[in-house]
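Both complexes below contain chain A, partnered by chain B and then by chain C.
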Partner chain A sequence: MLGYYVRLAAISIRENAVMSLLMITAVAVGIGTCMTIVTVNYIMAKDPIPQKSEVLYAVQLDSWNPNDAFRDDGSPPDQLTYTDALALMDARSAFRQTAMVGTSLIVQPDDPDSKPFQASGRAAYADFFAMFDTPFLFGSGWDADADRRLEQVVVLSREMNDRLFGGENSVGENITLGSYDYRVVGVLDTWQPMPKFYDVTTGPFDKTEDVFVPFSLVASLQLPRNGNTNCWKPVDGDGYEAFLASECIWIQFWAELRNDAEKREYLAFLDNYVNDQKSLGRFARPLNNRVNDVNEWMDVMRVVDSNATMMLPVSIMFLTVCLLNTIGLLLAKFLGKAPEIALRRALGASKRALFVQYLVESGCIGVAGGVVGVVLTWLGLRGIEALFGDLVENLVQLDLVMVTAAVVLAIVSSMAAGLYPTWRACNIEPAAQLKSQ
Partner chain B sequence: MLSMKNVSRIYRTDVVQTHALRNLSLEVEAGEFVALVGPSGSGKTTFLNIAGLLETFDDGSYQLDGRDVAGLNDNDRSRLRNEKIGFIFQSFNLIPELNIADNIDVPLRYRGFAARERKRRVDRVLEVVGLGGRKKHLPSQLSGGQQQRVAIARALAGDPGFLLADEPTGNLDSSTAAGVMELINEIHRNGATIIMVTHDLELAARAERIVRLSDGQVVLLDEGGEGSELENGAAV
Partner chain C sequence: MEIGPILRAMTRNKIGAILIALQIAFTMTVVVNAYFMIEERMRLMERPSGVVEDQLFHISTRGFTPDFNGKVSVQDDLALLRQTPGIVDAVAINAIPLSGGGWSMSLQVEPGDGEQGHGVAIYMVDDHGLDTLGVELIAGRDFTPADVRERGPATSDWPDKAIISEATVKALWADANPLEVVGRTAYINDDEPVTIIGVVEKLQAPWNGWTTVEQSMLVPDKLIWTGVRYMVRTEPGRRDEMMPIVEELLARSNNQRIVRAPESMAETRARSYALDSGLAKILGVIMAMLVSITSLGIVGLASFSVRRRTKQIGIRRALGAKKRDILRYFLVENFMITTLGVVLGAVMTVGFNVWLVQALNFPKIDWLYVPIGMLALWLIGIIAVLGPARRATAVPPAVATRTV
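On to the complex of A and B.
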């Protein structure tokens, strides 16, 4: 019988093409708008590393200006000074930990014909790869000895390895970054956590970096920094050394703490450290050290843009308006079918049979609206991309979940819209209709 | 077959009450062919709708096949209509978007027949009404007489034991009307009970019995056939 109802729906939709098109458009536009906004929110709010998000903690120390909090709400700075980062690394109080910073390096290809080009880089400690579960295509990360011995080693992104080595296993090969040679120890497989949680300072939806090098080289090779640097007092003196010794914050710091006990111990360690520093005349602000796990950190860093959140109820209201329109159109359409409904009743259709028939018709409009709605959603996301450019380049992907959600939402909402008109249609008095002919 | 006792039907609107049927009592035997006549507005269509379970009544009792219909719910009524009752309406009442075969198919669908059985029945009744070659035509592509024949075919397809026809020839010329009447006679010969509303005295005369309604009441019961007083032009 369902097949019969779908066929009747198809005939009816075709027969009443203009009205059907209006309804499909109304559903599609509502779904498209709603799903565009929902998708943006959904991707922003997604847990980027669900298997570990509860054991990875971003570390904050309040090294900021004694007279002026870093943020109005009193939260500590979101990055660390070089002095503190090194001290925490030396203490190794967590199960794993890494200080890190974005950098930017010039790649000098061996081939004299190809031009040098800029690559985004990240300077981190050996634990980085194990902490963040990076997938390796070839080789592995470097070890703690390499950090200590200032070894010039590099892990390449898959894309970079494709570009430099045609996708071959390049472990053991050398590449030139800036004016130094680095030995390739590993090549990552495709890796794009979304949001890029480990460093959201320059944009939570940036691409992951092309090359990864030991953090210890930042000082020894004076690698350029690529990210935010904030200073609450001027740097004492000139030169790189002076900058490293300054109170400027520019380093992200992550610790892996496997349970509550480790978390408590680590916080105690941080408090001890800061108290020690206080006696040296630093950290004039009240004790305010924090660790936030990945999802808490995404909240602290306001990764879900408040505009997007605000748009959510607006877009749902818009969908509602579209559906109210659809209800009106369906009502007109179904009541226009009163003679047919009366006839079907006379020929033996129960109210239930008619109810199902017209609900199926509403559902078919929903399917069509949903499919067009997915296309509109895709266009909407392209539009957002065009508006905000690179900042959201990786944000605007439609995954299967969202496509399914869009179609299901379209079907459910148009069936909901169809409920009242269908109910009205089924309760048409057949006798009165047949008599009036 | 059909037994109505003191059935009343009152239509209430804001301003007036219309007694479409008042205390109407009527017995129709199984296999009988009854013609229903009476002036416009006398309640003929209302009677047919009540007899066919399309409409409820306010007072009295109605037994169909020995069953009191007052207690039936919507589902039961729909099933009875579907399995026992065939309607031929005052106008043709085909679904314009569906082709001829699909129109005839409608009651068979609700009856739950398998595809093969439905096709067999559709083909058979289309042969009976002489429209075997028009299966794929839309109603608008047929003449009025052909459309009425399709409507009759649809009523026949379910092999109804009880056929209710409301001026089946009202919109047809006399020779087409004769063809349609021939079909209805055929159904009657095959054993169906028939109640047919008509204004045409000649056609009414073909029935076994003529029932005249006036103002919602049965005013005259008359054996049909040649020489009845209706034939002589008593007011209709």
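On to the complex of A and C.
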């Protein structure tokens, strides 16, 4: 029976080609616009590391200006000073922990013909790789000894390994970064958490870094900082040592705490640490230490752009208008068929049969609209990419979840749009219609 | 006017009217808010940065060998650039207007910890700074070579002279005019005195979203870092031609460093406002699509209702109604539906804006947009219904005698 209804629907859709096209277009444009916006929001707000997002915590200490909170709502700074980061690393009170900072390094290929180039880097501790579940293609991260002994070791991104070693296993090879030799200990597989949750202080949707080096080298080799540095107090004295000892914040800190007990203990540890520091004349603000898990941290750092949030209701209203339009057109179409419906009723078709038949017809329009809508969504995302360029590079991927969602939304919404017109159509009085024929 | 009969006829076919009214209401909500947002973004994008953007580009270099001499390198580069034909002037600078990256400090009128400070963006330049940027000095004097000192990576104190933007004057000394403040002292880093030697009309900070984007300060610090950025001013119309030449020139002069691709101020501006201009375009497209979809919906439903009422129209015509009367009937009917829509739309428009203001900190809409939006949608409704209504007037009175 369903096959027969689909055939009937096809005939009816072809009969009123212009009207049907208008309906399909309305559904498709509505779905396309809505899903484009939803996709961007979905990627922005997605859990970047679902298997661990509840055990990874961003650490905040309120080392800021006694007279002036870091943010108006009284929340503590989003980064740590070098002094505090080092103290927390030395204490090792969490199951795993890492301080980190973005850097940039100049890669000098051995081949004298290839020009040196700048690579984005991240300085972190050995735990970084285990904490964030980074996938390795070759080798592994370095160990805690390497951190302690200031070993010049490096983990390359897959892309960087392709560029420097043509994708071969480069573990054990040496490369020159900013005039120093580093030994490659590992090569990552493709790794692009979205958002780049471990450091959202600059671009939260940026690419992951090209090279990863031990954090201890930041001080010993004076690696450049690539990120925000905020100081509430002038640096006391000249030179790099003075900067490291200053109250400037520029380091992100993460701890892995496996359960509530560990979390409580860690918070207690932080409070103790800050109270100790208070006796040394630092941390003049009230005790305000915080740990936020990954998803809480994304909220605190307002990772979802407010423009994207604004577009969400706009696109939903847009879809609503498209659907209201479709309801109107379907209503006109079905009521226009009143004589035909009446004739079928008089010949014995049940209301139920008619209801299913016309619902199938709206469903067909929905499927067509949905398929075109997915294409339009893809085009819309390309359009956003063209408009915003590398600002959104990683935000405009269409995945299976979103494609399915688009098609389902199209079918459900056009069937919902078809419900009222269908109901009206099957309630047509056969006698009244047949009389005037 | 036959408002009574029209209203009664409409209540017999409520759904059609409601559908149109709702479409108009939603369309108005989006269109009016979107229009306001587009205007808002355009206004931001039109603010001048104060520098001669169409003659400027910037290029950065970074030495990577341990014995790379930043001081010598900067000296050589600037000498080379300044004598290159086609280039008006060049300067080593720590930050670029509109680029999003820079340095800000707090300036205060009274020395001491805890005094009120005003955030200003810092531009470190030498005595070629004003000439290169093309900013206009409205009071005091430019830096002289004698004012300029060197700033290395370890320098942490500040020079004792500065040129500030007019907006900075207003922030520090509310009602002073620029001429008066020349010679006054402000304090940086709580208590380091800085003498204001000049005021420029306009120079924006690097962050276009900063609330105090107009507050900036030029200091006579010649940068001798190993990584440095040059701002280059070319002769008018020769910017694009000079960019690759300069890149090549710098790359060839010293191979102990990398030279990054130059960027014109036009590109910097486009990148700076990419989000705003992109959003304005998206909203524009959405507005256009919504208006067309809604108008098509009105045309569709009105045509349908004309078709359904062919016989009644014929009867009215046979009973003496003129074409004019039929036209008026449909126009008035549509006007009533549209009115319902725009009244609902006005409430929703304000509601949506209230949400934007409260949840997302967007600017509050000017009330004038609401009546203008209502008028615009009324007009759109009437234009859309004109076609079907005209067709209705073509129904001949003879139809009344036939069965349709």
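The rule is short, and it goes like this: the second predicted complex is superposed on the first by the 431 of 437 C-alpha atoms of A that agree within 3 Å, B and C clash if a C-alpha of one lies under 4 Å from a C-alpha of the other, contacts with A are read in each partner's own complex, and residues count from 1 in each chain.
Operating definition for what follows: contacts are C-beta pairs under 8 Å (C-beta built on N, C-alpha and C of every residue); 3 or more make two chains touch, one makes a residue touch a chain.
For clarity, every value in this text was computed on a predicted model and none was experimentally measured.
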item: Clash or fit, chain B versus chain C on superposed chain A; value: fit
item: Angular separation of chain B and chain C about chain A, which is computed from CA centres of the superposed model and rounded to the nearest 10 °; value: 90
item: Chain B versus chain C as contact partner of A:Q51, first or second or both or neither; value: neither
item: First, second, both or neither for A:M1, with chain B first and chain C second; value: first
item: First, second, both or neither for A:S279, with chain B first and chain C second; value: neither
item: Chain A residues touched - chain C or chain B, whichever exceeds; value: C
item: Touching partner for A:V235 - first (chain B), second (chain C), both, neither; value: second
item: Which of chain B and chain C A:L434 touches, first, second, both or neither; value: first
item: Partner chain in contact with A:N325 - chain B first, chain C second, else both or neither; value: second
item: CA minimum distance (chain B, chain C), superposed complexes, angstrom; value: 13
item: Set intersection of chain A contacts, chain C complex versus chain B complex; value: none
item: Residue numbers on chain C that touch chain A, as the complex places them; value: 15-16, 19-20, 22-23, 26-27, 29-30, 33-34, 37, 62, 64-66, 114, 153-156, 189-190, 227, 258, 260, 271, 274-275, 277-279, 281-283, 286, 289-290, 293-294, 296-297, 300-301, 304, 307-308, 352, 355-356, 359-362, 403
item: List of chain A residues in touch with chain C within their complex; value: 19, 22, 26, 29, 33, 67, 106, 108, 115-118, 178-179, 224, 234-235, 237-240, 242, 306-307, 309-311, 313-315, 317-318, 320-322, 324-325, 327-329, 331-332, 335-336, 384, 387-389, 391, 420, 424, 436
item: Residues on chain A engaged by chain B in the complex (per definition of touch); value: 1, 4, 11-12, 15, 339-340, 343-353, 429-431, 434-435, 437
item: Residues of chain B touching chain A in the complex; value: 45-46, 49, 52, 54-55, 74-75, 78-79, 81-83, 87, 89-91, 93, 95, 97-98, 106-107, 109-111, 154, 158
